[in-house]
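Report on the structure given below.
Each chain carries a letter (A, B, C, D and E) given by its place in the written order, and its residues are counted from 1.
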Amino acid sequence: MSWIDLAVLALLGTGLAFYGAGSLGLLRFPDTASRLHALTKADNLGLGLVALAAALHWGSLAVAAKIALVWLFAVIAAGITSQLLARQARLDGTRSHPDGDRP
Amino acid sequence: MTAAFDIILCLLILGTAGIALFVRDALAAIAFFIAFGNLLGLAWLGLDAVNVALAEIALGAGVTGVLLILARARLLALGDDATCADTSAWLRVGALAACGGFVLLLAAAVLSIPPESGLDRAITPLMPALGIENRVTGVLLAFRAYDTLLESFVLLGALVAVWSLAPAGVWPGRPADLGMADGPMRRVAGSFARFLLPVALVMATYLVWAGSDVPGGAFQAGTVLAGGLIVSAIGGAIGLPRSDLPGLRVALVLGPLVFLLIGLAGTGFGGFLVYPEGLAKAAMLSIEYSLFLSIGATLALLVTGPNVIGLADPAGGTERKSDC
Amino acid sequence: MVTGHVYALTGAVLTGLGLFAFITLRHPLRQLLAINVVGAGIFLILGGLGRGPDATDPFPQALVITGIVVAVALTAFGAAMIVRLAEARAATKAATRPDGGKPGP
Amino acid sequence: MADWFTLAAVFLLLSVAVALGRCWRGPGPVERIMAAQLAGTGVIGVAVVLGAARRDAAMLDAALIGTLLAAVAVTAFARSAAKPGDRPEGRG
Amino acid sequence: MSPLDLLVAVPLGFMLATLLAGRAARWLILLAVPAMAGLAFWLVLVSPDAAYLIGHWDLPLGILLRPDGVARLMVAATALVIGAVGLHALVDPPEKAGNAAQAETFWPLIYLLWAGANAGFLTTDLFNLYVTLEMVSLAAVALAAMGSLEAALRYFMIALVGSLAYLLGVALLVARYNTVDVTLLSQVAQPDLATMLALGLMTAGLLIKAALFPMHGWLPPAHAAAPAPASALLSAIAVKLGFVILLRLWFEAFPAVTGQPALHVLGGAGALAVIYGSVQAMRQQRLKALVAYSTVAQVGYLFLAFPLVAGAPDPSGAWAGMMMHAVAHMLAKASMFLAAGLMLKAAAGHRIGDLGGLAQAMPMTVTSFGLAAVSLMGLPPSGGFTGKFLLLNAAIAQGAFLYAGVMILGGLLAAVYFFRALSACFGAGPAPREPAIRGVCTAAPLVLAGLAIVIGFAGSALDTLSAIAAPWAAPGVAAP
């Protein structure tokens, strides 16, 4: 097992840990805002580390660029969606009845 | 290890499908349906069928999901929350028995057939003549181009069928506005759209180009384009066109028309849908590039639905022109 | 058990699950969802049984792609019909109300 | 090495399952959408890892398309979650 | 150049042209009718070895198009029906008053239906048939939705289930035999579990599409509520595609798998359909519902013929009778729906009792209705008579007196319910509204009904035509 392989394993493990933490956070945290927090962590860091591991393992620049693109897209999409969802959560919060009612 | 992956994935697929079907809240059902579609995409990756995985993730999960979300929102605005009324216990017991028996029979039939890639042997020797590497594209655009031709007309026909549902007095109007109702959210979605639309266009072009040799193709690419267009409509970056706009009609018709004309031109080389020697790849690429534009436009309009007088905002929904 | 059979059996169960949901669910949007699940199950059977030792047969793959496109087209039309029907019903209900139906400005 | 990546894929699938648990429990639409989004990211992770395990770069295209359309779906969700009472405040 | 692909490509081209032409789209039918009539005529005359593989890709990969007797008859009848309905709709707009969307989309939809039906009749590829089935269903549901959205949604859901059952069968066959071509399957089919399940699923799905009792529930509301030209197309064509695919499956691909008991299940369901549809038709108060239930009964005859064809020592008579009946029903039922639409426009209401006085006000239209009824009842001389006569002959020759009795009973019941409608037209009633109807509108049903009668005289020609490359004649002759 070479140094690169070890690095790949380390990155993979850390990435998976972030994923797991994000999922557990989403499951366990008490309120919407902190759950959103958990979500963005997992999105950006977990996927980033896993993607880095995959790129290292592949060892090809073209593929690494593509993997970087996947990560970039995911980060941008996560940023947008968390903005939208935060706004939505605030709108919901200002109403007296959070869900399921209609004017 | 691979077997563990396969089995866990299949269990997850079954679980998400069950929840998507039987959860009470319609929004949760759709969310689970999308997750189900994405997991199915993984199943296709697990089967090394990347072409199908792309189609499933893009069309089965993506476009169908957005479609259902918007349909549910419209129903909700009308006071229909799409939860299911309980049916009688007898019906459920009877259906359970019938479906259970059916599954057992089907499973027995499935197990009696050994999995094999039998037609691969027939396809591989024919590929060099086409000048492309992707065998699925070969099947779609050469060996069974006729199916694909008819299929592109099914897609167009579905849009015509959706148009035919427009109530009296709104033709040729616009579909209901997709724009975000809330101002700040609209701005966020708008800036996202201005980023996504060009990206989607580049990516779709890449998918068509790559589709000759590696997984990709017109349908997957068209879906990516449709995704970009839908986000743009939600963010207000583009307005929805009038249904009788000549440019729109040309965009919708272009792909099927080019496909049909190339097919008919084949008559000069020996028969319908015969590609001239050496030009097979060029013919297929022309079909795919025109098809992907039409598919993108068609899918985007299919998602937006028929022209409508919104009950919530009479008249405004159909005629308001969205601005940038 | 071969990989192909695992996925094909999953497809068979999905088909039955979707069928059961189609029979027992009454809302048309839910039925549309059930039909999509049945379709996905059928595609999975096609793909699973086309799985060779090291590759999946491109022929069923192409059939599945065609099938997915047709399914999306029909789902879109079905969803449009469901929404239009609900709107038409709401409009008739509103028209029978004394105030003429249209919500105020 | 490929086995490690497959193992990672299995782990990611399990974390997707956990996220879906939140999606099931709700309670509000925002939670459900968030959980669906996380499940989507998990699926993308699986696609990347699976691509690495099988050395198939085309699987990355699946991941790319997945991110793109997941974003479209979440945008549509956010639009539809807005109640009919919310009128536009300042347009254009 | 071959009529086999042009018969599909030309209507598709017209569909695109209507989408580009906007409001002028309706006039394109004036070009389409002669073009398609010419192509259909060409197909009828083309030599049987004109069958060819699209793109020259060999089976099992490619798709075989084949001009057998069934395809020739059905394509020609389709051209007649859609041509007449199209010209009718050109003069008498099919849409609900003031609905411009329906007025515009009607045209691309009928071209889609036309292309789908032709493609389905000509191909021998079961997956290709799935795509054509969906083309036809899509157009049919959209046309039905122009009348009643509710009935159309029901039709749509049940048709989707039918399609999926068919597709599941195709999936099992692909996996089992690595081919979906009927001509190849006929050589390799084994009566094992997968094949039987596939055949059962496909048959069930297609019976839904063909509306055979007890899977007919969706048909009467959808067909009765649709605008008259749409009803004509639905009853004449959409239902027949399922029937044709079943012919391909039961008599060509899987004769080794289907046994006598299974054939009698189909035949029995057909017999029940004849009786149930007739009784229901007698009980209807609305004219179009009566005509729609008559379709349920007439579809029954098509399946009642299955055991008769399979059981006959020389199937040519029963086969010709079945095909003759199918063609006569297409022409007569299209004519009847068009005539009924005209009559209801002039009548005071939609009930049969409201038809009084119409015989004086619109004699030609009532004549068309009467002629179509003659063929549907099976009175001589008419296509319906020849078809039923041949089937009756086969039934008696085989000693299948139950089927023979059902056929005779069905004819009598049809006479009862059609005479009820006709006698209402001759009865006194409130003065009908001004029948502001132009010549083409009256002519279209009259021509179709006249043809339904006339083909009764062309019995032997149609007999020869229906026998071309028939599965029982010389197996494997169609493969190039």
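Methods note: a contact is a pair of C-beta atoms (placed from the backbone, for glycine too) under 8 Å apart; a residue touches a chain by one contact, two chains touch by 3 or more.
According to UniProt, the chain labels map to these proteins: A = Monovalent cation/H(+) antiporter subunit G; D = Multiple resistance and pH regulation protein F.
Only a predicted model underlies this, so the values are computations on that prediction, with no experimental measurement involved.
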item: Contact-graph distance - origin subunit C, target subunit D; value: 2
item: Furthest chain, CA centroid comparison against subunit A; value: E
item: By count of C-beta pairs in contact, the leading pair of chains; value: B-C
item: Chain of greatest Cα-centre distance to subunit B; value: E
item: CA centroid of subunit A to CA centroid of subunit C, Å; value: 30
item: Interchain centroid distance [CA atoms averaged], subunit A/subunit E, Å; value: 56
item: Separation of subunit D from subunit E, taking each centre as the mean of its C-alpha atoms, in whole Å; value: 47
item: Rounded Å distance, subunit B centre to subunit E centre (Cα mean); value: 31
item: Where subunit A touches two or more other chains, by residue; value: 73, 76, 80, 84, 87-88, 91, 102
item: Multi-partner residues of subunit B (at least 2 other chains); value: 2, 46, 48, 63, 72, 76, 79, 106, 110, 113, 115, 118-119, 123, 139, 144, 147, 151, 154, 157-158, 161, 165, 167, 182, 185, 189, 192, 199, 306, 312
item: Junction residues of subunit C, two or more chains touched; value: 8, 15, 32, 43, 45, 49-50, 59-60, 66, 70, 73-74, 77, 81-82, 84, 88
item: Pairs of chains satisfying the touch condition; value: A-B, A-D, B-C, B-D, B-E, C-E
item: Contacting residues of subunit C [partner subunit B, same complex]; value: 2-21, 23-27, 29-30, 32-34, 36-37, 40, 43-45, 47-52, 55-62, 64-66, 68-77, 79-84, 86-88, 90-91, 94, 102-103
item: Complex interface listing, subunit B residues touching subunit A; value: 76, 79, 81, 182, 184-185, 188-189, 192, 195, 199
item: Subunit E to subunit B touching residues, read off their complex; value: 1-2, 5, 8-9, 12-13, 15-16, 19-20, 22, 52, 54-57, 60-63, 96-102, 104-106, 108-109, 112, 115-116, 119, 127-128, 131-132, 134-135, 138-139, 141-142, 145-146, 149, 168, 172, 175-176, 178, 192-194, 197-198
item: Residues of subunit A defined as touching subunit B within the complex; value: 73, 76, 80, 83-84, 87-88, 91, 100, 102
item: Residue ranges of subunit D touching subunit A (in the complex, touch as defined); value: 1, 4-5, 8, 11-12, 15-16, 18-19, 21-22, 27-31, 33-35, 37-38, 41-42, 44-45, 48-49, 51-52, 55, 57, 60-61, 63-64, 67-68, 70-71, 74-75, 78, 81-86
